[in-house]
């Protein structure tokens, strides 16, 4: 196996490390599906995956998934049920960690997957929330993965589909009645952002090997904050890479 | 087969005739279970039975039922599900007819199955609503069966568990937001009461063979109204009796 | 594949001891007449649980038995009695005379108790419904109220829901069949779930049909292998209803002395369910036939 | 025993003709990614249905196809695009440029569209939920609003819900397995239900397992025997997802011309599903294995 890895493989490995053993993880599609498999087969053997389509699993599917409802994800599931039952668990605080995709994110971790430009005549109509807003509001903490581009990491998203820390003011989420803890990290192709506990603004926690803070600043649409102790993102381990490469990656689109 | 019949058999036959072909009937327990079987096997071959335990059927169970959830009622069911799904059908107006039992009924068809005397220290604590109030409020029309006694047919029930026509004023149900049409008949051991369309006070429609209006008046706790054209309740037919007697009657308690 | 999962199998005595505290809110009998967890109820009595709030729709005589034994502080239910006779004699004595203790009653309907549990499952303070309008239950139950022509039904959140099912594996994946009443919402709404089952099966059996798994295993804290644990209520494919025994309870519980004799004979002097089942005339109620469900194919390739 | 029941079996063309009117509110794709009734969607296009309101959570590319064909007046959904690529190109053209016509969009989340359907199923004007708080969807969808720290989600009542399932009998008793998404509430909430199925089976099969019957037959007005009716979406036990074909749609629909060519080839020039399936490379997506569910015993004696 080569020591070289793609930035996508690094993102998956970083996402996998967000999953702690015994946690219940709202998995979502694409990279997080692989991240769940990696975590489950390395450091988090008792992590369970939850899928809004109506599934719970305690191990990864045995073959490639184009969607979370593909047959390999159903075979061997712990529970095949209705979406509203899965959402019930999350509304009760039973989901430790969620993954959400987004087209745009801002400094407070708010995600836009709905409209670029005015909703009544958008410049780009994005697909919409899916379960994203539900996860953003109700999971105990969540993580988003994104290609690091200036048009994606923006000062202020034009539409908040999935709320992060709102306007960044202290305790914004609690004051607005959002039950979950909000975004814990933004994993990009260049770095990992994290958030102060209690909310607020994203700061750079680690920069990926081969990238620089200057590059992160250049490619981010807001004036970037940097953590007190910014380090380098640990590269994927051999075990992580092996797990990632055992599965066809799903993020080629 | 004897031509003689018990008053319970007559009540079951009368109840069965309330069921029209193709109707969806919220069956309940005891006598109505037999009434559904009689109707299904005589004049209403396409009547379906719905049971709050979470069942739909298109034919009667093949053997004795102590409860609606007994195994013979499940075998061959059209649907085994959750109660809240059955209630959904009823809340949408999908239940044509319901049967409700009661300890007390008043002239407006209100039923008490909760408390005789003050609720905080009742003289008799009755078992409660079960699904009775739900059927009373939501089924398109309903029928109750009762032993004809002065202490049961009372001027005013001390507690309205299952609302009939309320205080008897015009359109009481609609004004109070009750979706279903309310009580259509009270079938007693002596007679059949019916209600004017739009609600109001029960009137004697037919008196059972062997009983008299005087007896009905004597045994009723309110000043009884009598229909314009009071007749005699048609006795059970041979076919009805055969169906009734094929099943162990369940109302021995 | 499941070697990392700790087994949740334990005795009923241990399950009740560990997971049902005095003062707990306990949902029981959520499938209405079938699958009533009588064995669990009897163990609650033997362990002298106090001040329970019982939650359920209609659970034949189980609530009446627990009230008679003095375990109950509050009833949050649609119906309490016994199906054979109607009236619940222990319930009457408690409500009318405070014997053996007075109880608080939160009346519900079958529909409203279901909605109260769905509200808790979805973690909202209430759900609106079209029932209860025009009923005096609106006057006596403080947890239901009319708002703009609807009734808002406050959430009821059990500390523990106890379910009897046909089969379950050691990790708590329960298969139940037949009518399900309010079992699903009672399980989802609860902080934790205790399962008792007729058959303790391999995970290969339960996971062969994940659609039939009633609840997420993450809710289940104890699995008790307890054949006959629902007696005298019926269990599809296993047990008919024991009408005779239920009738006997109805008759014997008419007096306080009768109830106490019944309680001594059938609960207090009985160490466990296995012994209890030796006292039951099983031949007339055992289901021996087979009426199998047609399999479905979960293959993925 | 069932001789009095009229069969509801008919062709897809007849089912759509009789039961889906112009302007109807139609729920489709309610199991999210699997079991999407593409055959029904294509027939809606062939019959030139106009002014539809489409209701669903995530239904891969089906909504995008219908929007491109000009059938759609309003989208009431959580997500519209195609799973292969994300962006729905027809959806973009309609929302951004009014091509082929402008559409109204009522944004939902997966949770909120489920609650909207449960509200309709229970016939209440709204259900409260803990989602949508802090989201701008509260600003743009007139059918959700914040009240006292909760969000009230207005009922959505489909005129018709169309479901593809694995097997069904002629009377409309449908067995579906695998994850169910919002299919149950979409069916219960609807005025009527159209079922398409892989296998048309005898009632003895469906009634052998009444717990697996998805909906009351009283809601079902048409049963269409339509093998492959969900292609390219997967059907547990029958079909894998056809990734290649879904990718091709994503690529071809990038331009209006590409979409129109796709539409002509795969929908307009295809008379029915049987013909369509002859155009599909079935070998790579057919599921041939068997992974049977363990039967349960419904015996009553």
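The chains carry the letters A, B, C and D, assigned in the order they are written, with residues numbered from 1 in each.
The criterion applied here is as follows: a contact is a pair of C-beta atoms (placed from the backbone, for glycine too) under 8 Å apart; a residue touches a chain by one contact, two chains touch by 3 or more.
Please read all numbers here as calculations on a predicted model, not as lab measurements.
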item	value
Labels of chains that are neighbours to chain B and to chain C	D
Reference chain B; chain at largest CA-centroid distance	A
Chain centre separation (chain A, chain C; CA means) in Å	40
Whole-Å separation of chain centres (CA-atom averages), chain C against chain D	37
Whole-Å gap separating chain A and chain B, where each centre is the average of the chain's CA atoms	57
Residues of chain C touching at least two other chains	115, 122-124, 129-130, 150, 177-178, 180, 184, 211, 236-237, 240, 287, 291, 298-301
Sites on chain A at which at least two other chains make contact	55, 70-71, 74-75, 77, 80-81, 84, 87, 91, 179
Chain contact topology (line, ring, star, complete or other)	other
All touching chain pairs, where touch follows the definition stated at the start	A-C, A-D, B-C, B-D, C-D
Contacting residues of chain C [partner chain B, same complex]	31-34, 57-58, 60, 77-81, 83-88, 91-92, 94-96, 105, 107-112, 114-115, 118, 129-137, 140, 149-150, 177-185, 233-234, 236-237, 240-241, 243, 246, 250, 287, 291
Sites on chain A touched by chain D in the complex	29, 51-55, 66-71, 74-75, 77, 80-84, 87, 91, 114, 119, 121-134, 136-138, 159-163, 166, 173, 176-179, 253
Complex contacts: residues of chain D adjacent to chain B	1-2, 4-5, 121-124, 173, 184, 188, 207, 210-211, 213, 215-218, 298-301
Residues of chain C defined as touching chain D within the complex	115, 122-130, 150, 166-167, 175, 177-178, 180, 204-205, 208-209, 211-212, 236-238, 240, 287-301
Sites on chain A touched by chain C in the complex	24, 45-46, 48, 55-56, 58-59, 62-63, 70-72, 74-81, 84-85, 87-89, 91-94, 179
